Amino acid sequence: MATINKNAVQEMVTILSNKRVGAYHQILLNVGDIVKNCRPGNFVAIRVGGDTSKLILRRAFAISRVSESSQYGGTMELIVAPHGSGSKWLCSQLEGAEIDIVAPLGTAFGIPTEPISALLIGGGYGSAPLFGLADVLKSRGCKVDMLLGASVGSKIYAPMEGKRSVNSLKIYTEDGSMGETGRVTENLLNIVKDRNIDVIYSCGPMAMLSAITALVADTDVIHQCAVEESMACGIGVCMTCVLPVRNEDGSTSMLRSCIDGPVMDGSTVRWDLVGKVPEVSS
Amino acid sequence: MATINKNAVQEMVTILSNKRVGAYHQILLNVGDIVKNCRPGNFVAIRVGGDTSKLILRRAFAISRVSESSQYGGTMELIVAPHGSGSKWLCSQLEGAEIDIVAPLGTAFGIPTEPISALLIGGGYGSAPLFGLADVLKSRGCKVDMLLGASVGSKIYAPMEGKRSVNSLKIYTEDGSMGETGRVTENLLNIVKDRNIDVIYSCGPMAMLSAITALVADTDVIHQCAVEESMACGIGVCMTCVLPVRNEDGSTSMLRSCIDGPVMDGSTVRWDLVGKVPEVSS
Amino acid sequence: MSLPVDMSTTLGNAWFPTPIFTASGCASSGKELAQFFPLNQVGAIVTKSVMSKPRHGRPTPRMAETPSGMLNSIGLQGPGIDAFLANDVPWLVEQKARVIVSIAGETVEEYSTLARKLRSVSGISAVEVNISCPNVENRGLVFACDPESSRRVIDGVRKTIGGELPIIAKLSPDVTDLPAIARGVVDAGADGLALINTVLGMVINIDSMRPHLGGKTGGLSGPAIKPVAVRAIYQVHAALPKVPILGMGGVASGRDALELILAGASGVSVGTASFGNPKALIDIQNELRDLLAARGFATMQQAIGYAHREGA
Amino acid sequence: MSLPVDMSTTLGNAWFPTPIFTASGCASSGKELAQFFPLNQVGAIVTKSVMSKPRHGRPTPRMAETPSGMLNSIGLQGPGIDAFLANDVPWLVEQKARVIVSIAGETVEEYSTLARKLRSVSGISAVEVNISCPNVENRGLVFACDPESSRRVIDGVRKTIGGELPIIAKLSPDVTDLPAIARGVVDAGADGLALINTVLGMVINIDSMRPHLGGKTGGLSGPAIKPVAVRAIYQVHAALPKVPILGMGGVASGRDALELILAGASGVSVGTASFGNPKALIDIQNELRDLLAARGFATMQQAIGYAHREGA
């Protein structure tokens, strides 16, 4: 019956662990069968603040990775930056706490049927879903390179296990406290050319996604990016999370990044119009 | 400088223990020097719901007893009925949790300088402050009898240690599940007469306090009651908690039960006017 | 104690099995919620206000969370009435959902045009006329803030749509004299009233130090405004006891729904609560049924306006 | 980064060392808060609205907590102006607190009478005229909801009080056109505006199934209404950029106070927040100072209305 949010369910799940990793919290949830429908790029919407909360909206987090084989049944990992009151509340929840989630939501990264060369680019906690993606790409025989960037080293999320699934990993920080000094876009075109990249998968701040799109605009590289817009509902009913996206006919539609995203084709997003209103199309 | 709320302070304090006792939670707080200023009848106002709470008002609870000699320094005991969202939140707080209190607030039971015969009457959790009061009265050489009433046995709060400080304790429940069947007011006048009661100290539902006042109206017995009105601030600034009280000149004033109470002289409260507005007095 | 409660209700000549509806703009056109519950299990789907032409709406950011509430400035993004009638209504009808179509316009004429298009559409239970829109012919003054403009919109819709389809006029609480506006639209032919639309608000971003929303001001919704909704419904029900009210504003539990019904609502729309809980309508409906049963009501309709009874 | 910020502000010809004030009715006459902080450390104590005669106010229950807010229906209980001037003002003056006296009346004449009594009182910095009271001469319609009545009250006060004491007219947000009311009272002689008074609301007790408050309706305050306050201040500051505004409504943190200042408030009253935190004013004042410093403001006054700057 449902044509949208097709696999989404709302459930109370248990926190299996909550560890600080650099500037982030790595939170592991026991989510049972939900993992079966989770694909890299999907997100989860979490109720925050407890029973007496004044925070009425769910918070969205990328599903970093899921696992079916663990001793707990299906588990889901999140990488959460303590930002405002909702994410801080989540980061303060202890092992054993029950939280209310809706998942999986949104679109997923497209997985090629051929063994292509992929470049994964993450900014800050944007790297979270990329390691799960790398696993899948590797299992399809792809070559997987990765670039991670952040303002400071503590905001680079690059777990040991994760590194195993990539052929190369290059880190940039703006203050030089880890890896090279600079941004992931610094040397991007050369990397794309040298390594014969077919597809870029990216996740991070909107400015990064926009810059990558611009850089590869004149190339044949496909750019799949996971956008991040402020979301009130996460399920497509409120129209707050819209982005201007170019249609086939050249007109522009305001698409909901929660159901038509977060993963979108970077070349179709009208980055110049984000935060503006396109001309009326009719 | 301050003439009102003279000893009140706001402080973060730690929960030392939280035990279920019948229908209530007995919560012990580590409050340090605050105990020095707490008198039986005073109350504490507690912030509820945590950092992201939609509950903006403090909740008032009678100080059940305080102790200076414990291994923790000053401790304060509360008896809390899980009623609505605020009290339930408080009852769910674990040992070690920090809570924000303002204490001590309000008037205290008047302590006689002579060794009189006192009858302490508690309804439901209203018994909480009476045991601390009994200790003080006993130490002044008073005879202390106690009547406790509630709808059901689980709502009778009468701790073992507490019983030691009273000469007699009689329990009534409306369903007969503990003690005698009926209400504390059942046989009150006979008890007052038989035991030569000088002062009644009461704490419980407003209907009980009003009934006691009516029963002893034609006697010489002094009736000190701790009232319970809905309070927004607990410190005298909002005027929500008022009760009609007869002045010396026969006129009626709406007094704040948080600073002119909770302990009031029952005979001056115009119980008939509670929830109504007196004629304008000028 | 728990006899089955007859939950049915009516708005004008339209009948609904339960009084719990979606709120316009908070359920899109229904498809998105269908994964979480069958749409025919609630009273009705009130669709997002549709205008005559497709619209992009306002720039982002379009929302800001506020204490126990949120601001939105969507600006009526939508596909336009033709695409809406071609795609969304038939799908809802197929789901056996009851449908209330919300319409919005910039001129009195646009409302009439929309009404004309709805006339011949089958499967619609009622039309909700959202008059909380700026009137381009009157300095952008919101229709619902002016008794005369409100009246003219409803008059136009009534005349165009004929006598069949119940018309529910949706009012804004941002007025000095709500009962007067209500009386005007009822005189002009509204069969019922929807109360309340969002309350005008603003959030300033203390980092950019400018209004946070792309549209500067936005509409406040959610539990924060529930006391305003209850007051509005109570006031209008007292003034016009025979006019059915579709109540809304901050309803997030069965207790909230009951409060609005006791104040005078014949039906209750649930808006923002669905953002936090996609199954909110079902949870609210179940809780409401239990609360009514526990209070000895055999039918939901007995509870409508019960807080107004003698001695209250 | 953290140079000392000059926090001083003015309302008309009155000067205050900091912009954080109590809100009328939320600090009684000051004595109750003196245990928690020295009253002279905040901008001013705005006293509870006083009428000419002693008053009992409304029946209890007088309050209901609501999500992130509360309703009150105190009904202006108080000692009357004579007792107030004899007891409360001298005590505040002794504490070296700056005092703004709030007055309320049932007729235009009562306001003038109150103003006359204030004329000769020393130690008062300004008078706040609370016109959110029912006008007994006009079917109980709240003064602040009617441009003409509002204007007449302020005109009467202005004429009686003479030119010395700044007059701050306190307006209700429950109107269709707030800037119009604001313009009217400024034309009539108000030196400043206090925005906003509480929003009219109601809670129904689902056990008694009647309005919970003794007075049936009540005023909504607290964080729930902050977006309404910000909007009101922003709108009125845009319309009357030269008129100082004492802002209020849901301020519970320095961030909230900054939001109101950026919207256009020259001072900020803290009401309901003191109920949850008796030291709220001090905490807010300290946080505000830090926030201003972190944004590079040398004086608080530079931040007033900053959200209106070009390009916003």
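For clarity, chains are labelled A, B, C and D in written order, and residue numbers in each chain start from 1.
By definition in this document, a contact is a pair of C-beta atoms (placed from the backbone, for glycine too) under 8 Å apart; a residue touches a chain by one contact, two chains touch by 3 or more.
For each chain, UniProt lists the protein as follows: A, B = Dihydroorotate dehydrogenase electron transfer subunit; C, D = Dihydroorotate dehydrogenase.
This is a predicted model, so every value here is computed, not measured.
Of the two chain pairs shown, A-C and A-D, the one joined by more C-beta contacts is A-C. The geometric centre of chain B is 35 Å away from that of chain D, both derived from CA atoms. Spacing of chain A relative to chain D, judged by their CA centroids, is 47 angstrom. Inter-chain spacing, taken between the CA centroids of chain C and chain D, is 34 Å. Across the assembly, chain B contributes residues 54-55 that each touch 2 or more other chains. Along chain C, residues 67-69, 222-223 each make contact with two or more other chains. Taken as a contact graph, the chains are fully connected, with every chain touching every other chain. On the chain C side of its complex with chain A, the touching residues are 25-28, 31-36, 38, 48, 53-63, 65, 67-70, 72, 74-75, 77, 80, 95, 214, 222-223, 252, 272-279. Considering their complex, residues 48-55, 85-86, 89 of chain B touch chain A. For chain B in complex with chain D, the residues that touch the partner chain are 1-6, 8, 10, 47, 54-58, 102, 229-230, 232-243, 252, 254, 259, 274-278, 280-282. Listing the residues of chain C that touch chain B in their complex gives 67-68, 223.
Contact residues of chain A toward chain D in the complex are 54.
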